[in-house]
Amino acid sequence: MNSIHHHLARALALVALVAAGSIACLGALPAPACAMETVRCTGRPNAEDDKSAIQGATESRITLETSLDAGEGVEQLTLHIPEGTSFSTDDLAVTMLTGDDLMTREEVSYTETVDGQDLVLDFDKPLNDAGHLSVMVYGVYFPQAGGDIQVAASYVANGAEHTLENIPTIPVVGISGTEALSQWLEQQPWVQSWNENRFLRLFFDPTIMVTSFPVVLNGFFMSIAVVALAFPLGIPVALLLAFMRMSKFVLWRGIATTYVNIVRGTPLFLQIYIAFFGLPLAGINVPNFPLGVIVMMLNSGAYMCEIFRAGILAVSKGQTEAARSLGMSGAQAMFYVVLPQMFRMVIPNLTNEFITLYKDTSLLAAVGVMELVMYARTIVASTGSITPYIVAAVFYLVITLPLSKITRHLEERALGHRTRRRTPAAASAAPTSKEA
Amino acid sequence: MKNWKMTKLASIATLALAATLGLAACGGAPATEGSASTDEGSGEFTTLTEGTIAFATSPDYPPFENLVDGEYVGLDMDLGRAIAEELGLECEYVNIDFDGIVPAIVAGGQADAGLSGISITPDREDQVDFSTPYYVDNQAVAVMNDNTAITEDNATEALNQETVRIAVQSGSTGEEHAAEYFPNAELVSFPNFTDCFAAVQAGQADAVCGNIAVVEQMLAEAYDNEHVVYTSATGEEYAIAVSKDNPELLAAINEAIETLDENGTLDELISANMG
Amino acid sequence: MPDTATAPATDPILSVRDLHKSFGSTDVLKGISLDIRKGEVVVVLGPSGSGKSTMLRCLNRLEEPTSGQIIFEGEDICASKANVNSIRERMGMVFQQFNLFPHLDALHNVMLAQEKVLKRSKEEAERVAREQLARVGLADRADYFPDELSGGQQQRVAIARALAMDPHVMLFDEATSALDPELVRGVLDVMRELAQGGMTMVVVTHEMGFARDVADRVIFMEGGYIVEEGAPEQVFEHPRSKRTRAFIGQVAS
């Protein structure tokens, strides 16, 4: 209403005061006078999908830190927070950081007044120490659409008003769709009564479900990416190991057997730790993601080796003999006759191994790979609700349930009979392989 | 009636979850007295297991909490034992990753209170109640000694680069601090604070950000090839987290802290552990 | 049908000299010597455990002989530098258990080795495969998988698979023993036709009728030795050895 008038008046006053201040600086007070300078002005990140993003319409905090010289005598500080951004004076924290390393904190006593978008702090005693003055304003809600938020400030020192220069803008991003949906949900009566129940709120809070979904989805893609690379890459490793284990050369057998026994005999968690913290110490530096893939690949290689070995041994000896009797070399018999049958036989086991591997990607959370569990964890830590874990569980089940079903189907099929029949005649003629 | 059922259901489910996670293992006794029994006698507080107070802690944070030869040592651990003594209870520690402590207190069933160098923040205050603070700490960032790109002189700018990876403990104030003051840097989160230092050693991260007392302790004890390049007087206050459903316990803990503060025990513990 | 007595006295296509084979301390073959001429059908009889299957499997080195010599088309196949794969190419083998490749249909069972070993083109291999399947009477079963075929049909596919390699010798290892009685005839008919077409064959079997009708020569083995050898009429009608007589009497009854 009177804000335009108010602003104009303020602006004029500021111009006048800046002029006055400069004169004062040049004249009466020699050294420090107008040296209150901006150190930083930041907003507290509050987005769940990006830890350093500040988003609109979500609670945040503004921190303004300024440096003061000794004898400055700052009596009053006014923060002007732009229109569209709301704030609260609850939890307001005003602190002086002094000492050489600015590591001494002193609470500053003050009286605060809020005048529209202005927050005025009248200090009980003028600030005369050299150091940093830090003001933290809590309960800040930036505009929903985001944008660069310019906080302005002025101060009164030794009776003269000055403008605080060079305050950086706070980059605020627009609120995401899910965040908006979550905030809308929070207002719904049914959600409120749902969340009144402790169990439902802890495990199935709809507002957190909505916000954690896109975040945990990032982790889902990461987990899938890890397993989608590690699993197929593990197959040749496993085949090689299986051949080595069945080799007639003691050395190959020994190497492969030792490897398989070590990998299968130690927890994957430990292997991950050794790879992530041990290898770099040995001078081998591999970035996080490929290293995660490699560890998972080498681990599943050992398990699949045993699956393959058992599978190869389960293909009847007559198959190799038949192939060899036709003049095929050992390798040809292996690749064209034994392996195709082996793969067919071990598909259920391989599917199980895939499921295990997929679930085990969660262990990479411990070493900073941002996979499913780690994303869920970060939200659990900031909300105190278990709901993101439930969302994560759903993401696991989305993959594991259908695969388990397929495995069951394949196992049944392996036990049962081929359903494919070429002609009705054949169907009646050969109900089982024994009969004509 | 309906409400009673829901509460019952909730506590059963919570128990089931705790049991499934295998975290109820410490002490073994199940939470026989849930929120249901808090309404008897206003001054009396209840704990999960009668006669015992269970603190959730993440023992990767010397000199506040650490495991030495299987013993819980550090300022927080001594404080917990002193508080338990004041309250006439047995003291028990439940090992939970740091980012799981506040959720565990909210969910209940695993521990009575969180005692793990937990700074009071408005976000956490929304979820749990905090006791009177017993220690004030600040933030620090450490890098390898041979890191010439990030020095004490340029740390504020040098750390805020897209190419810089900062290791932080998941759910810690160090994570929040780094996110706010070095928004351009990439944060690498670890559940375990000691792993953050190992990650810097291993080159998985360029810097580690966390509470100064712990950073200094870690550098002094294990990582003398890293040094502090940045400090910030955030003045975080460490306090004990208690479930909002258990104000009686909070009051009792506050009373104990007050006593320990007045009789000088708290100062003794601090100087003994921060030496 | 060529008469054995008047068969040209060419060099033998396959010649076995003093063949020994032992598994561990068990001697299974104790000195077998045998010549097989081109176009000859030799049926090997004998009780179980007499070593006849082992002898057959030594012929293409599916079993490694302990000692002795096997000369096939002028080449010592036991020599260390012998190319065992190329030898096997020229020796077809049919097994008691068929050993069809269960992951391939009949057509591809017959095609596989042609393509991989003989390096025939896909078209050529398929043409030959269909031809051979027709020859064993299974042209209409080309796209059936082994488990969709009866035992007799499977064995005929196995024969077609071996024949597709254009072998110079066919080895039959109790080819009908695993078959239900009513299916035996079909397989024997195929074998008979093959013999009539002039294929050199070594047949280990219990089918006396087949031996009597088709064999040019019958060999009776027992205890790792060749006990009796001669034209079928002679072995069946006037066995010289008591054991042969006992065996034939047993099987006939």
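The letters A, B and C name the chains in turn, as written, and every chain counts its residues from 1.
In this text, a residue touches a chain if its C-beta (ideal position, glycine included) is under 8 Å from a C-beta of that chain, and two chains touch if they have at least 3 such contacts.
Quantities reported herein were computed from a predicted structural model and do not represent experimental measurements.
Trainee: Looking only at C-beta pair counts, which chain-chain interface has the most contacts?
Mentor: Chains joined by the most C-beta contact pairs: A-B.
Trainee: Can you identify the chain nearest the overall CA centroid, using each chain's own CA centroid?
Mentor: A
Trainee: If you take the mean of the Cα atoms for each chain, which one ends up farthest from subunit C?
Mentor: B
Trainee: From the mean C-alpha coordinate of subunit B to that of subunit C, what's the distance rounded to whole Å?
Mentor: For subunit B versus subunit C, the centre distance works out to 80 Å.
Trainee: Hey, how far is the Cα centre of subunit A from the one of subunit C, in Å?
Mentor: The answer is 68 Å.
Trainee: Which integer distance in Å separates the CA centroid of subunit A from that of subunit B?
Mentor: 21
Trainee: If a residue has to touch 2 or more other chains to count, which residues of subunit C qualify?
Mentor: Expected reply: no residues.
Trainee: So in the complex, which bits of subunit B are touching subunit A?
Mentor: Residue list for subunit B touching subunit A: 6-7, 9-10, 13-14, 17, 35, 99-100, 102-103, 106-107, 122-124, 126-128, 136, 138, 167, 170-171, 175-176, 179-185, 187-192, 195, 198-199, 201-205, 231, 233, 235.
Trainee: Within the complex, which stretch of subunit A touches subunit B?
Mentor: Residues 40, 42-45, 51-53, 61, 63, 91, 95, 97, 101-105, 132, 134, 138, 197-200, 202-203, 276-281, 285, 288, 365-368, 370, 374, 377-378, 380-386.
Trainee: Under the definition above, what is the set of subunit A residues touching subunit C in their complex?
Mentor: Residue list for subunit A touching subunit C: 316, 318-319, 321-329, 332, 336-337, 340-341, 344, 417-418, 420-422, 426, 429-430, 433-436.
Trainee: Where on subunit C is subunit A touching in the complex?
Mentor: It is residues 60, 62, 85-86, 88-89, 91-93, 95, 97, 99-103, 112-113, 116-118, 143-153, 158, 161-162, 165, 180, 182-183 of subunit C that touch subunit A.
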